[in-house]
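Beneath this line is the structure, given in structure tokens, with notes to follow.
Chain nomenclature is as follows: A, B, C and D, assigned in order of appearance, with residue numbering initiated at 1 for each chain independently.
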Amino acid sequence: MPRGITLIVALAALMCSSLMATASGEDLPDGMKPWWPSRYGIADQIGTLNEITPERVQAAVKLVRQGRIIDLGRVLDENTPKFPGRYWHQTTDVTAPYTNLRRTDTVGKGWGKNQINWITEIQAGTFQVGTQLDSIGHIQIGDRLYNGWTTREVVEPWGLNRFGMETIPPIVTRGVLVDVAGYKQVERLPKGYVISNADVQGALAQQSVAIHPGDAVLFHTGWGALWESRHDEFLSGEPGPGMEVVRWLYEKRIAITGADTWSYGPVPGEDPERPFLVPQTMYVKMGLFGLENLATEELARKQVYEFLFVLTHAKTRGSTAAVVAPAALY
Amino acid sequence: MPRGITLIVALAALMCSSLMATASGEDLPDGMKPWWPSRYGIADQIGTLNEITPERVQAAVKLVRQGRIIDLGRVLDENTPKFPGRYWHQTTDVTAPYTNLRRTDTVGKGWGKNQINWITEIQAGTFQVGTQLDSIGHIQIGDRLYNGWTTREVVEPWGLNRFGMETIPPIVTRGVLVDVAGYKQVERLPKGYVISNADVQGALAQQSVAIHPGDAVLFHTGWGALWESRHDEFLSGEPGPGMEVVRWLYEKRIAITGADTWSYGPVPGEDPERPFLVPQTMYVKMGLFGLENLATEELARKQVYEFLFVLTHAKTRGSTAAVVAPAALY
Amino acid sequence: MPRGITLIVALAALMCSSLMATASGEDLPDGMKPWWPSRYGIADQIGTLNEITPERVQAAVKLVRQGRIIDLGRVLDENTPKFPGRYWHQTTDVTAPYTNLRRTDTVGKGWGKNQINWITEIQAGTFQVGTQLDSIGHIQIGDRLYNGWTTREVVEPWGLNRFGMETIPPIVTRGVLVDVAGYKQVERLPKGYVISNADVQGALAQQSVAIHPGDAVLFHTGWGALWESRHDEFLSGEPGPGMEVVRWLYEKRIAITGADTWSYGPVPGEDPERPFLVPQTMYVKMGLFGLENLATEELARKQVYEFLFVLTHAKTRGSTAAVVAPAALY
Amino acid sequence: MPRGITLIVALAALMCSSLMATASGEDLPDGMKPWWPSRYGIADQIGTLNEITPERVQAAVKLVRQGRIIDLGRVLDENTPKFPGRYWHQTTDVTAPYTNLRRTDTVGKGWGKNQINWITEIQAGTFQVGTQLDSIGHIQIGDRLYNGWTTREVVEPWGLNRFGMETIPPIVTRGVLVDVAGYKQVERLPKGYVISNADVQGALAQQSVAIHPGDAVLFHTGWGALWESRHDEFLSGEPGPGMEVVRWLYEKRIAITGADTWSYGPVPGEDPERPFLVPQTMYVKMGLFGLENLATEELARKQVYEFLFVLTHAKTRGSTAAVVAPAALY
């Protein structure tokens, strides 16, 4: 409770300072104008997830015709490919079977007459690894986030006081796979390939699927086949939707997009002087959510292009991402 | 690939040794007989989740009549109540805004002409905290797990080579809330209260809901109201389903059960000489999955007793639990 | 080797940018002039530790007359008092006794005919806890460090590329205890007490000891008695040497100073508008090293005022501190 | 205080159970007899460090003739070679410069009129890496430690309740380098080379140095030259003192020994069926302390064969090792 009050006061104070900051925007990169308020208002934190309405959820569940589930998450461990500097280590904690033996009511090998023991783990690392859902607070333009918030307003020692993963609701909506690799008749798109609007329209036409507001739009590039065994090549770059595609998806009012690549968007990008411009534009200007390292291959192989997309994630306060494994039901 | 082959060989070797071990079981607690093979066979790893069939999924999605979603997860941070010895710490990593300033193509406050920056986090702790889905490998009887596996066969430095969270599929099925606090007309059941079969049948009758095979059966005890502000009381014990309820649920072939408490089952338990007997029986003997610290209060308040239960989780290899936030759709 | 070359190139680049930055200093707080180059030159990283010459070491070892050792370090664990937000967790890793049982050449309870097993630990936290030696890079004035370096030049994802603990040599020199609590005839100095130059001269005269260049000057305030059992009071403030004392010590060319408090210098400080001014001045302007949470009580009780001070520490690259336990030999 | 009492009670209980366990020893490997009580008594925790008496310290400091110091520690970071499965990660915490900007008394770039900021770090990993001092509790024979203690008596979730690093005093004593590589006139001894007693006696004779009780005896094998750049080769094996050398050192009543290798003793070892027999014998049976990854090359190059050895380390409760950087004064 006291914590709650403290938070309210703190957020009110932050909002005032932000609104003041908003007025000027004179600290922005040359020629750049304030991009806020966002399409969902200056107080919004969930961006394009606002597009998921009860009506759209209701329509989406009707897509489940066979009751089958495809897992879109990859297994994460310390050996899976990671961006330089990011890590993930886990150690099994089997101390309980030792300390339980010292209890006065130990029987045989465990605690109590039921001889109970347990195992846990200690993990250290970042959530910016593996199949992941990013917070839109993960990326900035200079020191500005979505809706014009500044890092000095948002950064806490323990995480972000806005846009943390605890602010993101469960995501259940219509899902669409855009199989660009299949459309281009290649095993995988080459590194740096810029998926164009023509590619997307062509693939959708071939698949006989349309994009609707509130959709989760997933791209199969084939790049994910390198995940398991060719780490260096996998991380050396990637194909992905170009800026025109993302602008079109935003205009179509989709809820979230993702791909089978470690970032989202081509790497190297369309403009070599603007690295990672696609996710930066999505998160900071649009509030459009992104998913990385999706296991799209089974959807593509089974030609499941339309499905119920479900994603629930760990609500860890202030985190910039969650390791996830969304599912597709059809 | 080499890893895959290694795993296959290792698992084959493990299985042989396990089967040999299976034969005797002479290392068990006095008077205890081998509980394996499980209802789902000696090679099974997912226990009661086998009950979720395409037909049941198909039936469950029809329960979504309004398209509304209730979040069943609690926010996790270093201050939320934890079992003694378990911890969770997160630190914001804002080094990128510094190192980006040193790139040769820095413009203003970030990397490139788009001035990109990013923020990540470092986390340390266990997944056995907060709203969580347990692996059935988390608990043992002596040194034996589900299907008779022994800790010496299953424990690796990095986690469990069987029953890790990566083996658990996405869970989408029919959900049922059993509001025992409401049925007993109390704000919350007292500490150590043993929910009886009569309680369950009474509550279900009052709610006009029946339990079906494949269900996710969630109990509202009211104990979760102590989560936010009364940590010591919250952790000092809890009400929960007794042994007869769990046996009945298992016979009904439900898929998973959970409650708004930090463990599952009454604490102190029905038999003071057998601590945590309920989850031990569920995980080790039955392979019945459990959920802890569910936020059931909104379901109870809105009297949503039947819903589509969805749960996707981080597939971290070998972990004994995942921090989760399931959702109920109705 | 490639790493070495990369470092050299990087450091050369940094030095150039720093020298340019040095010229102006126009980014400094109002009325503050550049404090660099330091007394030890613009390229210096070890500040007052330069005062420890072979001659002074040679003289210091002669102070060991009885061959006795006093340990000046406190034991560190997750329960010892820590500054808010800092943490230290350790978990025992006993997985080897399990995995060793799976080796083909296991005999009985361990690996090989010698049945070997081992235990390790996993630790997570910061080195800014317990009895500690600080890097002079730990504190800044605005974004400037010792010798005028800026955070944008020095911060790396993995630590500081200058002033990390690996740059600090082993410290062996003459040690002097200044027992101000004893001089003032109190069990401990009160919170916020500012140790004056008169206090220091009085204590030294009473102890018949003088300060020499190259000395390690340790203060006994008695505050450390609260460490074990009264955490809140211990962390609520502290007595300590005031600004005039630190200036005098710097003029006397001592090598390092420390106290039995969690920071160094009075808290609250002499000027309420300038928090932690004493260590800030020491580290950033003077390059004068500091030690915290020293166990000075045995030295005081035994009236060992002059001794050989020895301190070797973990050379972890880029760290801002090391957990240490210096020793006094007499 | 309550903690203290708890510990005393716990230790008393442990001692009783240990003494009972001691009597039988029937759980030992075939043909192995109880090795306890140790030479220093059943209650001893510091083994051969008991040999460091005030007289020996007093004699050792006289070896400092020039006042010069050689650092025997290697820098540790995430890239330095580590035993498989061990890790060390550090992340810079630069959140304070952000949060300080939100204080009501912020001036310019930091907190207060002195504009203070600070940087810390978060570290995760094990202390069993880099230049390290092992606890004699690190290794076992089956489930037995030094003085016959069993793992079930000693293992706690947070570390070892006996033999943790907090029990080891500062180590200051006479140091001797045995330059076996120099004696054998090779750059480095080959992998698996077993240093014999003849080698040791020959080297000592050539160096005109004798071993005394209480000594720190360090071996230069030349293997450490692979540390920086040839990780795989470095970790693939090592030369080291054989069993007869260790027995002789123990009979000579030295205090501690170490080498420029990642373990101590030849790998592969003298008896292929008894892995790591040398350190196992040292720690478990003798209570003889060991040091790993020492930077002995400067001592060898300068032919400093006799010196004052100083080692102070982090007293982290229950740890099995400390990352250290001892020093040699001459």
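Going forward, a contact is a pair of C-beta atoms (placed from the backbone, for glycine too) under 8 Å apart; a residue touches a chain by one contact, two chains touch by 3 or more.
Quick caveat: nothing in here was measured; it's all calculated off a predicted structure.
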Most distant chain from subunit D by Cα centroid: A
Chain pair, B-C or C-D, that carries the greater number of C-beta contacts: C-D
Centre distance in Å when subunit B and subunit D are each reduced to the mean of their C-alpha atoms: 42
Chain centre separation (subunit C, subunit D; CA means) in Å: 23
Distance from the mean Cα position of subunit C to that of subunit B, given in whole angstrom: 45
Residues within subunit B bordering two or more other chains: 78, 89, 91-95, 98, 122, 124-125, 151, 155-158
Contacting residues of subunit C [partner subunit A, same complex]: 85, 91-95, 98, 122, 124, 157-158
Subunit D contact footprint on subunit C (complex, rising order): 1, 3, 29-30, 53-59, 61-62, 64-69, 71, 73-79, 86, 88-94, 97, 105, 107-128, 130-131, 137-143, 151, 155-160, 166, 169-170, 172, 228-229, 271, 273-277, 280, 308, 310-327, 329
Contact set on subunit B toward subunit C in their complex: 78, 87, 89, 93, 95-96, 98-99, 101-102, 124-125, 151-153, 155-157
